[in-house]
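See below for the structure under consideration.
We just call them A, B, C and D in the order they show up, numbering each chain from 1.
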């Protein structure tokens, strides 16, 4: 969790440099889109819970997909279109595990990590409503 | 296609910088693992075919997954453990499309792009045999 | 005495992000009933529990979970991270 | 006249990566039969077509594909990129 901006390529460089024996590295980054006249995104989180909750799920992913390393970064505070909101990276011996781990962590972050997004546009501010499909996606695992 | 080494983080930085309107960016990189005493990997390709074949499948992925941008890099020549063999990146409005496109392109590269790997170890040299599961994976799409 | 914390539109409707509450409630559902009588904002925020999630000491929980020994109760909408 | 190219272990068994071949064959299977008579290496490389793939003018093709107008025929093992 960080209020600071980060650059996914630079993060991937550092993540990759620390690996030994990995055959596959998958990264995902989520970016603020300027949809429907969005001018900013305000991300609230539950500080006392966020770090432990994310760490627990990162550890789960490590064990479940036999990862060599995993990384999760999630911003909070005010973001603007084009800003990177969050990033996950997973390194494994083989491709399938790396893809599945990144996908699993994203499903988790979407519906189980204590973050809430508010979309700010010229016409007002509105809290993003959770999608049933995000909840359903988590049940795949 | 390139015989030159590349660094996935730097590539992701350039790829991301060129995007406009993307909400999701997925990258995959494949790395040479030092399994079974492997000392080097020799990658042969079919120069007249490789570029056009990869471009065609990248274009297919663009249309099929409504991507905003896509990138494929694949090395040939001699590589060593820890070297990055190849990388794909896909940018889309939404997460599922970006993941699926990267996964699809990897399935394609594994079994339809004209590359052949030879594993070199202290005990000799051996051409990697294609896996039936790679062929099966491609039939998912 | 328990700390109750609110996030997102629950925080906005209630008008505060944290309050210390004296409670006799045995479970979360009992606490919710007590909180709803505190103000119109509380009643509005907690009127439809189908859109409210709860965490006890930073762990997700259900509305029938007991409050024994719990120090912090959090109420918030379904999460929208990622 | 057609250019025939070989990759990976087909290239190694045949001993060359490219040769120009005078052929009367109407399809790939016919060309394969002609090639097998060229040398022991050719016969060895092409003995089990279950492990050989073919491309005509850089497009993947089947063994019953006609050779009309084709300028380059490639033989290689199942691909192992990625």
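A few points about this structure:
Please note the rule applied: a contact is a pair of C-beta atoms (placed from the backbone, for glycine too) under 8 Å apart; a residue touches a chain by one contact, two chains touch by 3 or more.
A quick note: this is a predicted structure, and the numbers were derived from the prediction, not measured.
Looking at chain B and chain C, the chains that touch each of them are A. Farthest from chain A, judged by the mean position of CA atoms in each chain, is D.
Annotation: 23 Å between the Cα-based centres of chain A and chain B. Centre-to-centre separation between chain A and chain D, using Cα means, comes to 48 Å. Contact of a single residue of chain A with at least two other chains is seen at positions 30, 95, 106. Shared contact sites, meaning residues of chain C that touch two or more other chains, fall at 82.
Pairs of chains that satisfy the touch definition comprise A-B, A-C, B-D. Looking at the complex, you find that chain B touches chain A at residues 7-16, 19-34, 82, 84, 93, 95, 98-99, 102-103, 106. By the touch criterion stated above, chain D contacts chain B in their complex at residues 5, 7-9, 11, 55, 58, 60, 72, 74, 76-82.
By the touch criterion given at the top, residues 30, 43-46, 48-49, 52-53, 74, 85-86, 106, 109-118, 127-130, 134-135 of chain B touch chain D in their complex.
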